[in-house]
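Okay, here's the structure, questions in a sec.
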Amino acid sequence: MTMTRRDLLTKIAIGSVSAVAAGCVTGSALTGVVHAEEPLKVLPEAVGMLYDATRCVGCKTCVIACAEANNLKPDTSADGLHQAPTDLNAFTKNIIKLYKPASGEGFSYVKQQCMHCVDPACVAGCSFHALTKNPKNGVVSWTSDKCSGCRYCQIVCPYHVPRFQWEGFNPLIVKCEMCKERLADGKEPACTTVCPTRAVIYGRRADLLAEAKTRIKETPGKYYLDKIFGEEDGGGTQVLYLSHVSFDLLGFPSLGKESVPEKFLKWQKRAYSYMAVPVLLYAGMVTVIRRNWAGHEEHMEHEEKRTGLRSQL
Amino acid sequence: MPNHDGNEKDQTIAAHLKRCGVSRRSFLQLCSALMVTAPVGLALTEKASALEVAQQIGRTKRPSVIWLHFQDCTGCSETLLRTSQPDVADLILNVISLDYHETLMVASGHQAELTLNQAVKDNAGKFVLVVEGSIPTAEQGIYMKLAGKPALQVLQEVGSQAAAIIAMGSCASWGGVPSSGPNPTGAVGVDSIIKNKAIINLPGCPPNPYNLLGVVLEFAAMGKLPKLDDKKRPLFAYDRLIHDHCPRRAHFDAGRFVHSFGDDGHRQGYCLYKMGCKGPATHAGCSTRHFNEIPDVWPIGVGSPCVGCTEKEVAFRVPIFQTVDIHGATPPEGYPLVRTQTGTLGAGAAALAGLITGAVGGAAWTASRSFGKADSAETTEENPDLVGKGDK
Amino acid sequence: MKNRWQRSVPIHGVPVFTKPFYALGAITLSCVVLCIYRVVFGLGPASGMNDAYSWGIWKTFNVMVLTGLGSGGFAIGVAAWVFNKKSFHTVMRMALLTSFLSYASGMTLLAIDVGRPWNLYWMLFPWKWNGHSPLLEVMVCMSFYAMVPLLMENIPPVLERAYYTHPEKRALIAKAESIMKRFYPYVIGTAYVLPMMHQSSLGALMLLAGDRVYPLWQTPFLPLMYVWVAGYMGFAAVAGTLLLCCLVWKRSIDLKVLVDMCRVEAWLLGSWVVFRLTDIILRDAAGLMFRADRFAFLFWLEMTLAAVGFGLLLRAIKTRQPGDLFFANLITASAGMLYRFSPSSFAFIARPGAIYFPSAIEIIISLGFVSAAIMGYLYAVKTFAILPASNEEWTAMTTDPQFKSFARPEVSAASMAAAHD
């Protein structure tokens, strides 16, 4: 087969047009799911909790109340007897831990649970929206029928919160969902209702922030750096912390003001914005490939004639 | 016995006690005991002092109580009477008007039957019916008859006339011992038979008599029944776990257990959980309201594990020495540290990984060496242009 | 001209079912049994994974590393078709086969690895996707790539065999081939865009892990570097495997093609090292290289492998010794493998006090999936025309009773003679 220059150019043109068209169709089909977005901001009706480590007496009533409210099997792995979880785990969504320096001075309890980030990494990373942020109150919750159990949320959560049920053939992701059923009934989360010293309180995030600031103002020097952890850390969280010891010692990471998805996924999001880059890349490649293809085919035909052996693709 | 005294005022409890020569002091003691029994949950006892409770009760007309026995052991009657001092039992029987009670009354035969009919007729719609024992339902209830009628029929006839029914003890509440497998008589509790009456279950084997007194007097004095839980048990007496108020709780939290009866731990009064104590699954007031007015007179107090007699699903269902799951018990002292250890490294896995790495590395090295040998052989003899000059 | 790779020729004169094949089969079989155990009892009993290191070697090695090694079909394809490096066309079939097998084995293992695989069907509903999720990108893109373009690229050898073994259907097969050829440029276009997307997203996966990836590895360019590494790893894996096959089955070695491949590799590897170092310096993370900790050690191990690999590649290009070429490719591939493995394992700091080491079951399952891929490879190269060889080799093959039908009756003696020039 011989090909004139005109033929070649025509074919290249047809190829490019069809490639671009195909790309545009794919691209527009996916526009709904893939487009650049601004990072999430604090919702006006966002609810949260304020935990004050200086008030906590470590009674662990909240741990028990949480397990009861969420129908979690008691974790008796520590001694086969007591419900005494040693960490957040498949049966524990909320735990009181102890920071105790060798000297014994300046110890502190800390309540570990989901922080309900303003712009959560787990939600950003979750493939099929199994983890979602409630558009009204900002509670981050999990749905079993969307989760493939890939455990990416465990990899990306900067606070190391989501837990996976490693036993059994139908494992679930376990994390605090701020007692969403209780919230729907107009009740508070279980842990905040039982706290005897009101060390953890529930409310609108804005109110809690104001409350925390009042506490800092009223007792200067009491709180570590007069800082509210979660006010802006990692883009802000809906569970806020006050403490008299460094947050680092309580196991919190030092994150910047940007949220994890905003900080680390910015360029990734731009690159896939409207699928423009992949589509253009495809169009360009097909154009070049088609040109090289023509040459290759000619060469193969020539070889076939020369050797008498059937050409291979 | 039916009260045929003169005017309304003479029928009050205060008047009756005076008539019978019961001292005011012992009446006040009874009122104090009631307040201890029901610290919260009874309108009757939510008063500042025993004096006010006594006044409230004193004003009240003696409530008429009819007591029916079905498949029982009379243990629940015994618990009412077996007080540490005889005058307390006497006192109780003077506060309420026990109009029919087969074990206690003198009458028998037709006379007894007549008494029952009379008592029901006289107080129709007003009396409190106390049922003791379970009701056989198999074979149309022929397993127990009373004056020629099956227990089932007696209960329905008398129950239909009652203001309220108190199921006294586990048998009357949901079958109790007679209902445990294979349950040949088809024994059931009162609330399986009577559906349209207020029923209060006072499970226990036996229950604390003050629970009965509390309910009856609340009904007589305040005209209402106490708040109930989902198993129709009055909350004032059944709202807490034995385990949460157990005097041996400290031993549980510290991990000190009895391992066999009579061992050192048993003598030291350690926790009976491992002996099958059902305390962590049992709602009852036993751990704070002991029996017979004597401190420590209750199963755990005398070194016997709780059998869970106030729980429908526990006593006579779960073997006595089988331990129960602990759900909701507060954890012991001791906290996980902020930084905890996770993960394991198995020796076998490490060896396997080493083995594979070694094998792959060794194979790769051998392969890269083999090329040299193969080449030199082929280059010199068979195929000089294979290596080195390449293809230009 | 015996040492020229002119066309793909099946391995002949060797049985498919050999002792090593059965040994691999035994590993695969035990892997299948253990997979059933995993499905019934869950991930906990079967693996060493835990809540801190919730991704084990199934993801970090079998998917992250082995699909990198299996990027030959993509890397060599781009060089051959887009950059028109004609000499690479002869090794395309082999590269595509290894790509397909490594992707297929990785994706299947992924289904064993995820806890709730029955929910993976949401992949079929684009409007349910979270478009921002790098993991979604990886899952959707990888499975689509493996199941559509990559599979189609692997059809020609099968059709070719059918052409010879079923002479009565030749017209039909020729028709199928010509249809295929018409769409081929569009198919291979997707076969290069998709790997670029998902190989980069493999890097983007670890982006979202943020500060939990040690700063020597965590960089906004992680996606780019992952594709870059996939490029030279793909070349190195194909070149190395080809050399190994030539050694094992005593086939001729076309040094020109291999040296060409090494040149591309050397460019990719060298520029990658420079880019990596520049990135670290610009991010002010250079100080971390000189700390006496395991991360610095890991970094230098990786850099040493890359530098030695680069040196060995240059040396091999010069000496043109198969042994040198093999060793250079081995080290180059190792450097890439280590880099691809680190961010999700060694350099991933889940939290202090947490460790992960794969359990024996986990290792055997991982190994089993690799074994299955190797078995597939052994079967394919002995059945289909996959591995490159000279035209004489093709003629020699047709004397093998197994491949007798491959001899074309209509080829004239004259053209046969021409073929052997």
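Letters are used for the chains, namely A, B and C, taken in the order the chains are written, and counting of residues starts over at 1 for each.
In this text, a residue touches a chain if its C-beta (ideal position, glycine included) is under 8 Å from a C-beta of that chain, and two chains touch if they have at least 3 such contacts.
Bear in mind that the values here come from a model prediction, so they are computed numbers and not experimental data.
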Selected interface, B-C versus A-C, where C-beta contact pairs are more numerous: A-C
Centre-most chain [mean C-alpha coordinates]: A
Subunit A and subunit B: spacing of chain centres that average the CA atoms, whole Å: 45
Inter-centroid spacing, subunit C versus subunit A (mean Cα positions, whole Å): 30
Distance between the centres, which are taken as Cα means, of subunit C and subunit B, whole angstrom: 66
Residues of subunit B touching at least two other chains: 339-340, 342
Residue list for subunit A, restricted to those that touch at least two other chains: 87, 251
Junction residues of subunit C, two or more chains touched: 50-52, 350-351
Residue ranges of subunit C in contact with subunit B within the complex: 1-4, 48, 50-53, 243-244, 247, 250, 252-256, 259, 320-323, 326-327, 330, 350-360, 362-364, 367
In the complex, subunit A residues that touch subunit B: 58-61, 63-64, 67-68, 74, 76, 79, 81-87, 95-100, 109-110, 249-251
Subunit B residues within the subunit C interface of the complex: 339-346, 348-350, 352-353, 356, 364, 367-372, 374-375, 383, 385-388, 390-391
Sites on subunit B touched by subunit A in the complex: 253, 255, 273, 325-332, 334-340, 342
Interface residues, subunit A side, partner subunit C - complex: 15, 18-19, 22, 29-30, 32-35, 37, 87-89, 121, 124-130, 144-152, 154-156, 158, 160, 163-171, 251, 253, 255, 260-261, 263-269, 271-272, 278, 281-282, 285-286, 288-290, 292-293, 295-297, 299, 306-310, 312-313
